[in-house]
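Chains here go by letter, A, B and C, matching the order in which they are written, and residues are numbered from 1 within each.
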Amino acid sequence: MTGTFLGMPAFPQAAERAVRDGQLRANLRHATHTIRDKRARAVAELPDWAELRAAGKAIKDHTLRHLDRYLVQLEESVTAAGGTVHWAADAEEANRIVADLVHATAETEVVKVKSMATQEIGLNEALAAEGITAYETDLAELIVQLGDDRPSHILVPAIHRNRAEIREIFAERMADWGRPAPEGLTDSPAELAEAARLHLREKFLRAQVAVSGANFMVAETGTLVVVESEGNGRMCLTLPRTLISVVGIEKVVPTWRDLEVFLQLLPRSSTAERMNPYTSLWTGTTAGDGPSEFHLVLLDNGRTAVLADQVGRQALRCIRCSACLNVCPVYERAGGHAYGSVYPGPIGAILTPQLRGTTSPVDASLPYASSLCGACYDVCPVAIDIPEVLVHLRERVTEQGGHPMERAAIAAAGYVLDHPALLTAAERLAGRTRALHPRRLPGPGRAWTDTRDLPEVPAEPFRDWWRKNRP
Amino acid sequence: MRVALFATCVNDALFPATAVATVRLLERLGVDVDFPPEQSCCGQPQYNTGYRRACEPLVRRTARAFAGYDHVVTPSGSCVAMVRDNYPRIGAKAATEGRGTGLADAALGLAPRVYELTEFLTDVLGVEDVGAYFPHTVTYHPSCHGLRVLGLGDRPLRLLRAVKGLELRELPGADECCGFGGTFAVKNAAVSAAMAEDKLANALGTGAQVLCGADNSCLMHLGGTLRRRGEALRPLHLAEILASTEDDPWRAA
Amino acid sequence: MTSRDLILGRIRAALGEPAPPEEQPLPRHYLTTHAPDEPAALLDLLHRNLADYRARVHRCTDVELPARIAELLATRGTRTVAVPPDLPPDWLGAVTAERLADDGTLTAARLDAVDSVVTGCALAIAETGTIVLDAGPGQGRRLLTLVPDHHVCVVRAPEQVVASVPLALPRLDPARPQTWISGPSATSDIELDRVEGVHGPRTLEVLLVTPA
């Protein structure tokens, strides 16, 4: 069977490797089930969750319908508050802008707050090529960076690692990046967190430039919001002289009041908390408090193409909570790396093919990386109908003519199904020859019969029973 | 009351016992059942695989086959979900593509008249005790489309609890997908099989004799895995349990 | 063409026809609050929710406050305590530790060697167990409450306690830098299990103060 037959390229193969990795499956199962139950309890505390969700959806949709207007308003507000706004059409331009801003400070190090946008554009690699070292300061990002690994979850990029693996990475690699891990480090989460605190503190205290993303930007006031837990965000947003925030254009909300919806939806959906430990809100610069220089880089990088698709654009409502990953049965077994993108899980399966297109094998396979069970839609705090978008994108994949055999089979089946006489004949033929049916199929059918028996074909179809018994 | 049975292609060709049970159950409850022979497939496999245009003739055919019936009943939650959720979308897209409103009209005319079997029993007929007898231990897997798209809630469980002789065992992780997902089962066979494995571990852990569901496509996937593994747990459609009575009890085929 | 024009042009092209001026007001059918509108019950809720996320919560009257602050610092073994310049002077009336008032020149490195920080707050949100600092009176610059490992925060009830996020936002000035704090620093990055204490103050003590 060729790689493209029945649309079976990258995701299925990567997922199959993950499924066979018992340690990975155990790690993912433990972590996703822990957070799943907690989220359900945190959400159940609010009797008006459905109304909050409807409001979150409506605010985002409204914003997207007037995105040009709100971005211009945001630019005015941020500028009036002492910030500088830059516009980046793609990843390359965003990376160029950030590198130039860092060069202008004459620094060669930056500390980073966890940010999906900067991962999406490969900022760390681009800065490294310019002689600038970017230190990730979120605990999970640190684990990924020290382990030369890739993130596998939006909220908890090292979810694929358990405590023993994390201990090993810290013990072996921290010394290469700065302060070594304490002697005799155990795998207790508290000790691991302490090791990260000590390792990063020296970096926070000397950093002059920080790079962040943002969870929300308020057009009306020019306020940016970063939601976090550890305090590394506060360190980066407060201590350095220069702050550069790279933020996707879809992160804007119209008004200060709109935060009342999202600051209720996000913490309960992501970390299953009533409120996350720290939320930082800043508007431009403040004399004597925090960075004296603030740059906002507004990033397109494919978002306007998503906006152009009337079904697919709902993916731009996403607030990156990861609730959909945590409930997804496919993510739980395939792991985040199989999605071949910084955006894994159900949201990644609809966002990545829209941002990058559906031409590469992995991107064309992502819309199929779902059983369409709908658990993601149920938990999404902004009601993104992920199954609807998945099917919509499958149509895009089939239209580019990727699966000729499948297309032919669908056409043949369609003809038979639209001609009941033919259908009846086929059913009867199957019934008469059922003693000859094999248990295991060759070719693409093997994918079914490798682990499952085929159903036994009955002696007669229901149609014939009806004809005989209810004449 | 005259009701059309939408048997569905999977039941017609592979699980006729479920369709027969549905007929017997409804007739026992005083319903006059009809089977319009022009019906075939709802088009879900094609639609969910990305061939929307290929299922347009089936939308038209299904709407035509059931024209004139106030109630169309089907023992498959996912086929009802297809008609209720996706037919109107297919119609709307055809209209935006400038191909008229015929398809949309057909879809919107049909969708509100189609009922999943347990909806029809509890909501239209208003019964929970259907007079069934089934002296076995049973655990129930609520298929995703019934659970989340249709919002069947505890309807199937209410019906099962009223069955005489039946002992219901709660299925842990019931709301998790079994891994069927139509062509997903073939396109992502490894993940699909891993999902089935976990679902079956939960089902086998209940010690039940019968794994009941309201969607034979999920049961085909779980049942195929069970048979391959030589397990005694028997997959069975809810309709067959509800059709079973003391006078005419269910017998393994 | 600038990238600004390019992006705005792409957006307008993606949206097609300009959207009609505003259709309907956005649906905001959610509740303004989930908590009882009664000061004592609200204070209890704040207490519970702060404690639930591992803040250490204490109660006293305004008359008792100086003694309680002194006691908390003594128990901690605090030798140096940083304070914002405009902290009410009587709050530290009984404190024996060395005081370091921030005149705007305290550096992060200097604060890293300080044992504790004492501040007030802008307000507290009962439903979520959140303290909001906005660099207003008695709160100081953001780094003051970030670098020391022990933060003692005074909340005056009932006037600084609100029930919910929707009731908090209108009382806050977006122009001011804000830090919303719900318990001490924490992480869920190891197996999605919550552990307290990473980079922010690992001990948060909240004093809920009512009139004598």
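The definition used in the following text is that a residue touches a chain if its C-beta (ideal position, glycine included) is under 8 Å from a C-beta of that chain, and two chains touch if they have at least 3 such contacts.
Note that this is a predicted model, so its numbers are computed, not measured.
Closest to the protein's overall CA centre, chain by chain, comes A. Farthest chain from subunit B, judged by C-alpha centroids: C.
For the pair subunit A and subunit B, the distance between C-alpha centroids works out to 32 Å. Rounded to a whole number, the gap between the C-alpha centres of subunit B and subunit C is 53 angstrom.
Look at where the CA atoms of subunit A average out and do the same for subunit C: the two points lie 30 Å apart. Note for the complex: subunit A touches subunit B at residues 6-8, 11-12, 15-16, 19-20, 25, 329-330, 333-334, 367-375, 377-378, 388, 391, 393-399, 406-407, 410-411, 413-414, 417-418, 420, 423, 427, 430, 444-445, 447-448, 450-455, 457-458, 460-463, 465-466, 470.
Listing the residues of subunit B that touch subunit A in their complex gives 7, 9, 11-17, 19-20, 23, 33, 35, 37-41, 43, 45-52, 54-55, 57-58, 61, 86, 89, 144-145, 148-149, 175-177, 179-196, 220-221, 223-225, 227-228. The part of subunit A that touches subunit C in the complex is made up of residues 27, 30-32, 34-35, 45-48, 51-52, 54-55, 58-59, 62, 65-68, 71-72, 81, 87-89, 93, 137-140, 143, 155-156, 158-159, 162-163, 166, 189-190, 192-194, 196-197, 200-201, 204-205, 218, 220-223, 229-232, 234-235, 238-239, 249, 256-257, 259-261, 263-264, 267, 271, 273-283, 286, 288-290, 298, 300, 304-305, 307-308, 313.
Residues of subunit C touching subunit A in their complex: 2-4, 6-8, 10-15, 19, 22, 26-31, 34, 49, 53, 104, 108-109, 112, 125, 127-130, 135, 141-143, 146, 165-166, 169-170, 174-195, 197-201.
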